[in-house]
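Note that subunit A is present in both complexes that follow, paired respectively with subunit B and with subunit C.
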Partner chain A sequence: MHSFINFIMGPMVWISFLIFFIGVIFRFFQVIKLVNERENFIYTYMSFKYSFRSIFAWLIPFLPVSTRKSPVFYGISYVFHLLLFLIPIFLLSHVALLEESMQWSWFTMNDAVADILTLIVIFSLLFFIIRRIVVPEVNFLTKLSDFGFILIVALPFVTGFLAYHQFFAYQWMVIVHVLSGELMIILIPFTRFFHMFMAPFTRAYTGSEFGSVRHAKDW
Partner chain B sequence: MQETLTTNEKPESNKKDVIDEGVEKGLARLTPEKISTVINQVLTKETGARFKVYVETCMRCGLCADACSIFLSNDRDPKLSPAGKVKQTILEMINKKGKVSKQLLKDVVRIAHTECNVCKKCSMYCPFGIDIAYMMTLVRRICHKLEITPLYIQDTVNSHSATMNQMWVKEDEWIDTLQWQEEDAREEFENLRIPLDKDGADIMYSVIAPEPKFQAGLIYQTAVIMHAAGLDWTMPSTPGWDNSNMAMFTGDFEISGRIARAHYETATKLHVKKIVMGECGHAFRSVYDVGNRWVGWAMPPVDLVHAIDFYHDLLTSGRIKVKEQYKKTVTLHDPCNVSRGRGLHNKAREIVNILCESFIEMTPNREHNYCCGAGGGVINCGPPWKGSRMINNREKKEQLERTGAQVLIAPCHNCHSGLEDIVHHYGLKMEIKFLGDIIFEVMEKTIYQKDS
Partner chain C sequence: MMKLKRLIFMSAVILIITAFYAYSREEIPTIDNIVFDHPQRSAAVFDHDDHNEKAMLEDDCSICHHVYENKKLIKDESSEDYLCSECHFLKPTPENAIPLRMAFHKQCKECHFESNKGPVLCGECHIKK
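Coming up: the complex of A and B.
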């Protein structure tokens, strides 16, 4: 048991990140190859100025009209995406592990704060599930895999929360926590999770077309 | 029958009953092999990174739904949200590897050709900027290659192919119409000319086929404006004068490219400094944004100006002076292809404020306008689809109604026809006018002198 835990908390972390990085590079390589072969006009229309204009406009909460049409979903979604990165990166126990093994260390957040933020993430995911069921136009678009994505994101947060509070089966919680975290990292390049890398580029292209060709705003 | 439909009837039942001969006969000719070959050919050979990334990046959040006036007009029917339309067309084809039924194809034609105006508003509502209009154009490309394009719009494309204009206007009819308008206009201005094929003129003026066909008065008005502004202009006597382009909306990119090429070549042969085009939105899109790309120009090879830009110049430079402002209350419809397509919405407002006493804003407006409901080739699908189009335009009708204006200004031919249908169908009390109509009415009819 101990050697298994050591494996998933040691080499498996590196393996996961390795697969993640190779996957990301592979996916970008694929897309760039396709652009070069079929749609190299994209380079002609891409504009730095309008790409960043569009990306920044879409990063400002509630600036785009679209986000004001669904303020609750958008607000929750905005906070959720931020926390998705902030919590794991600045969690004391994560940083402590890194310090132990790699002597890397940085700012950490208070455990009580992390606890509340984790609950916010979990409730956001619950909200997403309910929204997918209740809102007809979203339900129509929803596939089983969409719930799968939510589940994969929820697992590390739920198990992390339970493990921290040591409610029950502590060791199993830690194991599932670590494995599901690694699973998510591995899956990012190969699933629609990849939108975290691709979205800035699709936004940039549309922003460029709107800005430099159409002389119009795209938010 | 279509005319009498009311909004209370269930839209669904009406739409499914539409019989379009072009679609029906086309479907009857198809074999399963042909269907899958064509779909796979288009989806694998004619697409690239954009298609792949769009399909793989959409998180199905549904934020695009609120952009679509057709979705809103049908009580938020999930099947009519932009991503919903992709799901029922492209995603079905991908999932079934092209092996789709004729029944599905019938729905696909209806969705892509009559339930999407390819207005691109949804790409402004998608956080990732996914271009769903591009996906719908791709579906239409598949329909074109399967030869199941709706009958009426296919006829328009056939006309483009044979005559280089969209309404089967013959060369002699074209020249005759211009000379007839010249003759009439000379009653107002003694020396007025509509110069044909004048080499090296400053401006080549371009109109779309409906003008010579049944709105020749618009050519008259323009001739008067040009003459009063003292401009050096010309119109071509040969094919290439019409830059409207229905082929780009049916996915017949080969003909679409020919039309754009003929247009630029005509301008180049005449050595004109720029092309000024009349108040038409989709013709503008055709030569400013679409046709040029097919021919291989990132941007139009000849300086190209839409009527809004042109009028703005004339009015702000004093070449055309307003005698007395227009009295009735007016509102302005922003045509997608020149507002979201070219950012001319603010100039259009400046023009309206110069010309008219009281301007009432329509909301949403500018880039966020609702399409007239006719755009993207939807009106060109003709009478079989008019009933469902009117249902799909309910949101637009409500938007128009809220303004309470007496006159609706629409600087686009296609919008004009679509809005005309809405106004008649829903019994709105609104007159629809072009900017040119109002300029003609309020302008000082004297010839511009440089020193005055």
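Coming up: the complex of A and C.
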């Protein structure tokens, strides 16, 4: 068991990030190639001005009209996306491990605060699941895999929460926590999680089309 | 009637076992964590004599209570009369790059990983009360 734990908390972390970085580079080349092959007309109207105008507009919470039409969903979505990064990056136990293996160290948040924020993430994900079932126009666009992706994101947070409280099966809780975190990192380039990198580009594309072609705002 | 007796007997057994378990958990000795300003986790579980007996370290204190001079390990010299915190400070310093928390963590975990024995995960030492 010790060598297994050592592997998933040591080399497997490196392997996951290696696949992540190589995957991201590969996907970017793939997308550029696809655009050049099939949609190269977009270069005729891509514009820095309209791109950044759109990106900045969408960075300001509740500025775009559609975000104001569904304030609950977008409110939860903003908080969820922020916490998705803030919690794991500033968690005391994560930073302690990084400090021991890499001598990297930075600000950490209080465990009790992280505990509550983790619950917020878990309840946001529950909200997303219910929304996909209950809201007809969202349900229409939902595939089974969409629930799968929500569960993949939920797993490290749920197991992290249960492990922190040491409710039951502590060792297995940590093992599933580590493995599910690594699975998420590996999946980012190859699944819809890649919107983490593509979002500014799709925004730039839409912004340019609305600005240069339709002469309208896209927020 | 037999069933009821058996039920009462079994409940009593379970109660006594859990009571013993709860009691014995209270008694587990821990490392003295008084030097940490605001420790967020419970003090790590550690019974010095019990540990050394199990790990068969009784004769050689220097395995854990090491002495470093000019960042070099002095062999066969031991430091059991000093506190860990006399050399390992809360923050890393030029003389000692390994702060106290890291020193504790590394001291325990590295040996446990090498020997395939003993706790290595956060909650195996920092037991939630």
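To be clear about the criterion, the second predicted complex is superposed on the first by the 219 of 219 C-alpha atoms of A that agree within 3 Å, B and C clash if a C-alpha of one lies under 4 Å from a C-alpha of the other, contacts with A are read in each partner's own complex, and residues count from 1 in each chain.
Basically, contacts are C-beta pairs under 8 Å (C-beta built on N, C-alpha and C of every residue); 3 or more make two chains touch, one makes a residue touch a chain.
Quick caveat: nothing in here was measured; it's all calculated off a predicted structure.
Visitor: On subunit A, do subunit B and subunit C fit together or clash when superposed?
Guide: fit
Visitor: Answer with first, second, both or neither: which of subunit B and subunit C does A:163 touch in the superposed model?
Guide: Once the two structures are laid over each other on A, A:163 reaches subunit C alone.
Visitor: Between subunit B and subunit C, which makes contact with more of the residues in subunit A?
Guide: After superposing on chain A, more of subunit A is contacted by B.
Visitor: Check whether A:22 is in contact with subunit B, with subunit C, with both or with neither, and answer first, second, both or neither.
Guide: neither
Visitor: By the touch definition at the top of the document, which applies to A:138: first (subunit B), second (subunit C), both, or neither?
Guide: First partner only.
Visitor: Who does A:92 touch here: subunit B (first), subunit C (second), both, or neither?
Guide: Second partner only, subunit C.
Visitor: Considering only the touch criterion stated at the top, classify A:213 as touching first (subunit B), second (subunit C), both, or neither.
Guide: In the superposition, A:213 contacts subunit B only.
Visitor: Between the C-alpha centres of subunit B and subunit C, what angle is opened at the C-alpha centre of subunit A, expressed to the nearest 10°?
Guide: 170
Visitor: Looking at A:63, would you say it contacts subunit B, subunit C, both, or neither? Reply first, second, both or neither.
Guide: neither
Visitor: With both complexes overlaid on chain A, what's the closest CA-to-CA approach of subunit B to subunit C, in Å?
Guide: It comes out at 36 Å between the closest C-alpha atoms.
Visitor: Which of the residues in subunit A end up touching subunit B in this complex?
Guide: 31-32, 34-35, 37-39, 41-42, 44-45, 54, 58, 64-67, 69-70, 73-74, 77, 135-143, 146, 192, 194-195, 198-199, 201-207, 210, 213-219
Visitor: Note which residues of subunit B are touching subunit A in the complex, please.
Guide: Subunit B reaches subunit A through residues 47-50, 52-54, 56-67, 71, 76, 78-79, 81, 83-84, 87, 123-131, 289, 293, 298-299, 339-343, 364, 367-368.
Visitor: Using the touch rule from the top, collect the residues of subunit C that touch subunit A in their complex.
Guide: 40-41, 97, 101-102, 105-106, 109, 112-113, 116-117, 120-124, 127-128
Visitor: With touch defined as at the start, can you tell me which subunit A residues reach subunit C in the complex?
Guide: 1-3, 5-6, 92-93, 96, 99-100, 103, 110-111, 163-166, 170-171, 174
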